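Can you keep this structure in mind? I'll have questions shortly.
The letters A, B, C, D and E name the chains in turn, as written, and every chain counts its residues from 1.
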Amino acid sequence: MLSINGLTKRFGDKIAVDTANIQINEPAMIGIIGRSGAGKSTLLRMLNRLSDASDGEILFKNEDVTAMRGAARRQWQSRCAMIFQQFNLVPRMDVVSNVLHGTLNRRSTLATMFNLYPRSDIHKAIDILDRLGIAEQAPKRAEALSGGQQQRVAIARALMQDPAIILADEPIASLDPMNAQVVMQSLRDIHEEDGRMVIANLHTLDTARRYCDRVIGMRDGRIVFDGTPAQLTTGVARDIYGAGSDFSEAATSTEIETLDRTDAPKVEAVA
Amino acid sequence: MTSLDIQASKTHAEGLFRRKRLFAFGVPAVILVYFAYIFFAFDVPGLVQRANMDNARTLTSDIWSHKVHVTRDNRNGEISYAVEGERKGEYPEGKRPAWVSGADVITVDLGGDTIVRFLPDNRTEIDVPGFGSVEAQAEGRTVTTNLPSDLPDWINASDRRVAIATPEGRITLTGSKTEVFNYFAGWELFWFTFDSPYHGMGFGQIVFGEQIDPERRNIIGAMSDFWHNKMWRHKDIAWALGETILMAFLGTMGAAMIALPLAFLAAKRFAPVMLLRTATRRLFDFVRGVDALIWTVVLARAFGPGPMTGALAILITDTGTFGKTFSEALENVDDKQIEGVTSTGAKPLQRYRFGVIPQVMPVLLAQVLYFLESNTRSATIIGAITGGGIGLMLTQAIQTQKDWEEVAYYIILIILMVMVMDWLSGWLRGKLIGTKDG
Amino acid sequence: MTATDTTGRAATPGLGDIRESYLAQVGRRRLYSGLALLLFVVLMVSGFNIADDRNAGGFWEGLHQIGDYPSEVLAEAWGKRRDLPSLIAKFFPALVETINIAAVSTIIGAVGGLILSLLGTRGLAKWPRLIPLFRRFSDTLRAIPEIVIALVLIFILGGGPVPAMIAIALHTAGALAKMFSEVAENADLKPVEGLASTGATWTQRMLLGVLPQVAPNYVSYTLLRFEINIRASAILGFVGAGGLGYELRNAMAWGPGRFDEAAAIFVLLFGTIVFFDQISSRYRNRLTEGQAQ
Amino acid sequence: QDAKITEFRIGILGGENAQDRMNNYACMQNYTTEALGVETKLFAPADYNGVIQGLLGGTIDMAWLGASSYAATYLQDPEAIEPVLVKQNLDGSIGYHSIGFARVDSGIEALKDVEGKVFGFGDPNSTSGYLIPSIEIPKATGATMESGDYFGEVKFTGGHEQTIIAVANGDIDAGVTWADAQGEWEDGYNSGALRRAVDAGLVDMNDLQQIWMSNVIPEGPVVLRADLPADVKATMTELVDTLYERDAECAYGVAAGDTLGFVPVTHKTYESIVAARQSVIGN
Amino acid sequence: MLSINGLTKRFGDKIAVDTANIQINEPAMIGIIGRSGAGKSTLLRMLNRLSDASDGEILFKNEDVTAMRGAARRQWQSRCAMIFQQFNLVPRMDVVSNVLHGTLNRRSTLATMFNLYPRSDIHKAIDILDRLGIAEQAPKRAEALSGGQQQRVAIARALMQDPAIILADEPIASLDPMNAQVVMQSLRDIHEEDGRMVIANLHTLDTARRYCDRVIGMRDGRIVFDGTPAQLTTGVARDIYGAGSDFSEAATSTEIETLDRTDAPKVEAVA
């Protein structure tokens, strides 16, 4: 289905992604882990064609994604939604408008210039928001929402694209544990219910373990691990993170359960 | 710390304070020296000598008062009555002020027992309380009087001209004419001139009273006569104010609309071609540097005098200013939003529309609205050069140096106009930036 | 804990309501922005037509002649380009006068604006009750175009640079007072209170507690104003006060034969404006950057 | 070329209060609208150059120019305008004079008394306010008109009215303006800038005295834009020509004082002025 | 010496200080404790005459402080120095200048405008800084200093005033435990060596106990305790803080020793 062959990205001398090979044959939920600077974001940006690969190719259903230009590239981007750590919404616009940005590729430029969207799209946007549990935020400005809500708006925008693949670049890194859980669960639900492929960069091991069917580990631009969560032992993790024996998983955790084990007060989740 | 170190610290601190003192004295001293140079370069001592305090007095009294001239032409004996001595302020045939009486001997009662009598044979008699009676006769080019040789300082007499200034009014006598000026508070004929049937009518009389002019309903007639007042020219002034605001509005908005697309060309992140970028920036610098003043003169040849020329001058200069600030704002946009929109497969225009415009709009609007107010002032000045708007009326009224009440009227209107524009732009700023979605 | 979705949904009011109210909101917004846009377009179009109508020449007829005047000036100036340096030297004193007017009025105006801004800022004012008074006063100063005061003063004081200088200084004081007090409003009051606790007088508090904080911004605004004032000073020369504007008007008015003079004056004026524009924007960048660090 | 016009634009020379100028021409505006059947607009730019530029740029159709302003326009574009009429004085002549004057109390009685003092011209494009005196006065003084050469300082006040006020106020010691030099000094003569200033109540002629007078200067022409349709030119020439007969009061306002009306004129009348202006440019 | 009688401060309806009566007969070191909003700052600000009392009087050596106006009031302020929680220095000015601000009341405005401080004052300022152990910071800008150093500059400024009374409004609330100790010790030393009266608002019990001769407790604007540290039992403290039986002194502590009892690393005090 998705086949990444020898994908490489160079910034000057620096090799951010080094001949990455990944084969994905079914719409799985995949987590990419690795420490800061490992090349996770760069990989995802190449997948979405936000940046060009220096070498190698990406094939989706045997189409060469890396070769796409202009309209074809934009067409690809619309089928391959992306979610960012900082949400990357338009803060001054209302939530529904932000979600509707997911349809930009399909609509004529002129109509969208004046914010004119078909009524059916608006209904669909609100349905998606409802599915993510934030329908009542619909008329508010995006900047008025909490981080977790904003990320769910970003997911809604992604869903609005009706994409085959959803890429998520550290979607929960800016969120508190409670919101992190809600967002990850949403991604998982989307994967399970809609059967979409989800590839998420994650910087905590336990999240990857808990939500992903398959985990890819990167280190210094290279893929150093590719397997099931079960195969991801502490030893392997130490390898990926290049850490010594003092490495403790809890230090990278953002899960509520992990925190609950310490003395922090228990937090109730309220949507 | 050892005592040696302390000593060093102290010396160091003393040095620090010496430097600070030098600076504290130096800056004012430099400014003082500069001011001393200016004092002589601008010839301030000469200016103080030349300053004409009489003019200042005329100005201040003219602003809140008016005078009615009673003039006898000594060659034909005709007597005319005119507000401010102007043709447009002349009393209509057969009418005269209530304080003038008599037929052969015309008696002008200036009040406070000061009385001027126009006698036959170009003779004039003036009663000034506490001084006595002055008699004068105009013959050919000379004036003879019964005045003693040592005169109080409010009388200025030669054989060609006699001027008497009493607290109640002024009298000047020359061979050709004898003039009496009677002063009153307020702006005379502000509402209606003498030829209007509504002159001298109260507000109530006009609004609720009987129909005054059989041809027209009172309110319509009064509005029309007020609007067409020949003395104060309310219609022309309203148009002039309108033209001034129009210049500011068209210039500012036009400039903003032209500068916005150009600013993209001047912003590094949107215009990868360096040459184009630099060219655009230099263009901005050029149109700004040439200044509205010179643009006005240049454009006047192509478009002639009028508000369009002024508007275009503002437009061109501000295109440069806006171009510069807009492109700075564009340089500083946040990438995240653009990237977010891009990642959905949006087309380039859509990227600008949703990734860039919502971010820069508040900055740009604030800037544009601020300029709208400040350009109202510029338009006043540009009008004085290119021949349009309230600016020309004001400068010319000031240059002729007589109708200071009109000058005051214009100044008040200009200040009000600028303040209203200031308020309006502030209000719009709040409304648009506070609520508008990109 | 995974039940967030359902709890979220339970709190949701009827989905239909949300749709309806959102669509209504969008409709309203479209209506308002549509109306605003329409109003703006109508204003622009009718404004353009009125201006075009009241202008002696029309916009479209004049457009192709836009280069006539400059090309005449340039042609003559180019023909006599050898005289240019001596002409520039000839008009240099007038330029100095123009710059002097701008400089003195900027200094005086800045001091006036400084005092007005401190007296008109909440938290700093010496007489808090008089704040509205000082604010209205600076508003009025700001609203009066320089030309008004200059021409009135020329009547009393006679021609020359002083009326222009006073006029620009007064306007500058008003304009700077507003910008200054916006800065002063955001000043940190802690140092002021600290000084107050030692028994410092108002002047000492302002001088030592407020000025050091606001100085970079104040200097930056003053520089910006200086650049504006050079333009103002040239324009006032054009309508009656001395300096470069006066020379420019005479040269331009005479027309062919003195276009070389006009060009020389233009070069001086343009050069000066660009020079001070560059200097002030560079310094302003430095000052504000220095503050960010 | 014979296209219909949609409006007719009259320019009024600067140097006087815009409102007064508009007032004086209001009657003319009505007659023109009546005669041409199109809207007539008045424009009163701040100085002579405004009208010159308007004529050159084709944005003004008619104006009463001064001789020097005419020469300026002619020199820049001989094809732009046509002189058609000139004002006739009460004695039938078509000339006027540049008058040098000063305050009575200044002690200045002749040009020689102005040496080292401040001397004021009007507008650079004025015949009487600049061109002629700048040629004739140096002949009388034997020195140039540069500041500091003979006069202490030479200034341009901007216009006739400003010169009169500047002298009356003592801002300048002496200045030049125009008058027909007929009638009484006390009245400001029969017509001219001094007369207008007196009529407007600006000055008392007793305060001023004449210190110099130029040779006779040909009165400036009423000009029409050359590109105007022939019938429009004919109508307007006829209108101005007969203005005095039609409405003497209006002619008084338009012609700045007492007049016998307007008579035809051609470019020939102004050849000497064009030459004079060229000689000044040559300097 | 200092006698506060029925001192009251009202802000609208709110009574911030309610008929406070305090008699101080000798230059003691006094701590005022109480929870946030109890009125401690308000009381001190009235003492320094930074704000006016609504009612009551302050007598110092039988002079009525509350009645002072204009120059007399500023004169009083110069005798009654104040130290603030946020230091309230002029951050962009150098340390010596900040200390010299303590002499402002004695110098003419014009002289201070031109930085005309007598040489002896400059020397004295540096001596004071030396006494507080920060002489080498003298030429630096105040903002370049650490919190503890800035507070010591503020104390130096107070000493420069040569005051009879030093008021300190939570002088250590913004400081870390190590700096807090240095600052409190400085105040104590000044009190002991110079015999100046020190009144300090403190929000931790143990600091008050450790450094003060006398402790005044405030609650809701009223003085609810006035006695020696020894009399300040946990029961009394609970009263003052209005806390229940879960009240633990450690929770309010900032003392290094207190912290040391937990697992925080030991910090060396460096002057």
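The criterion applied here is as follows: a contact is a pair of C-beta atoms (placed from the backbone, for glycine too) under 8 Å apart; a residue touches a chain by one contact, two chains touch by 3 or more.
Model, not experiment: these values are computed from the prediction.
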### Contacts common to subunit A and subunit E (chain labels)
B, C
### Message
With a step meaning a move to a chain it touches, how many steps does the shortest path from subunit A to subunit C take?
### Response
1
### Query
Which chains lie in contact with each of subunit D and subunit E?
B, C
## Note on the structure
Chains sharing the largest count of C-beta contacts are B-C
### Task
Can you figure out the chain closest to the middle, judged by Cα centres?
C
#### Entry: Inter-chain centre distance, subunit B versus subunit D - centres from mean C-alpha coordinates, in Å
27
### Query
How many Å are there between the centre of subunit A and the centre of subunit D, using C-alpha atoms for each centre?
81
#### Entry: subunit C and subunit D, separation of their C-alpha mean positions in angstrom
39
### Query
With chain centres defined as C-alpha means, what is the inter-centre distance between subunit A and subunit B in Å?
63
### Query
Which residue numbers or ranges of subunit C touch two or more of the other chains?
54-57, 62, 65, 68-69, 155, 158, 239-240, 252
### Task
Provide the list of subunit E residues touching at least two other chains, using ranges where the numbers run on.
97, 113
### Query
Out of subunit D, which residues touch more than one other chain, so two or more?
9, 11, 43, 46, 53-54, 56-57, 59-60, 158, 169-171
### Each pair of chains that touches, named by its two labels
A-B, A-C, B-C, B-D, B-E, C-D, C-E
### Message
List the residues on subunit E that touch subunit B in their complex, please.
### Response
94, 96-97, 113-117, 119, 122-123, 125-127, 130, 133, 135-136, 138-139
### Message
Touching residues of subunit B toward subunit D in the complex: what are they?
### Response
50, 52, 55, 69, 84-88, 141, 160-161, 172, 174-176, 230, 233, 236, 300-306, 384-387, 392-393, 395-397, 399-402
### Summary
subunit C contacts subunit B in the complex at 29, 33, 40, 43-44, 47-48, 50-52, 54-59, 62-63, 65-66, 68-70, 97, 100, 103-104, 107, 139-140, 142-148, 151-152, 154-158, 160-162, 165, 231, 234-235, 238-240, 245, 248, 252, 266, 269-270, 273-274, 277
### Query
Of all residues in subunit C, which touch subunit D in the complex?
54-57, 61-62, 65, 68-69, 72, 155, 158-159, 239-240, 246, 249-250, 252-258
### Query
Which residues of subunit D touch subunit B in the complex?
9, 11, 16-20, 22-23, 43-46, 50, 53-54, 56-57, 59-60, 158-159, 161-162, 165, 169-171, 184, 186-187, 199-202, 204, 206-207
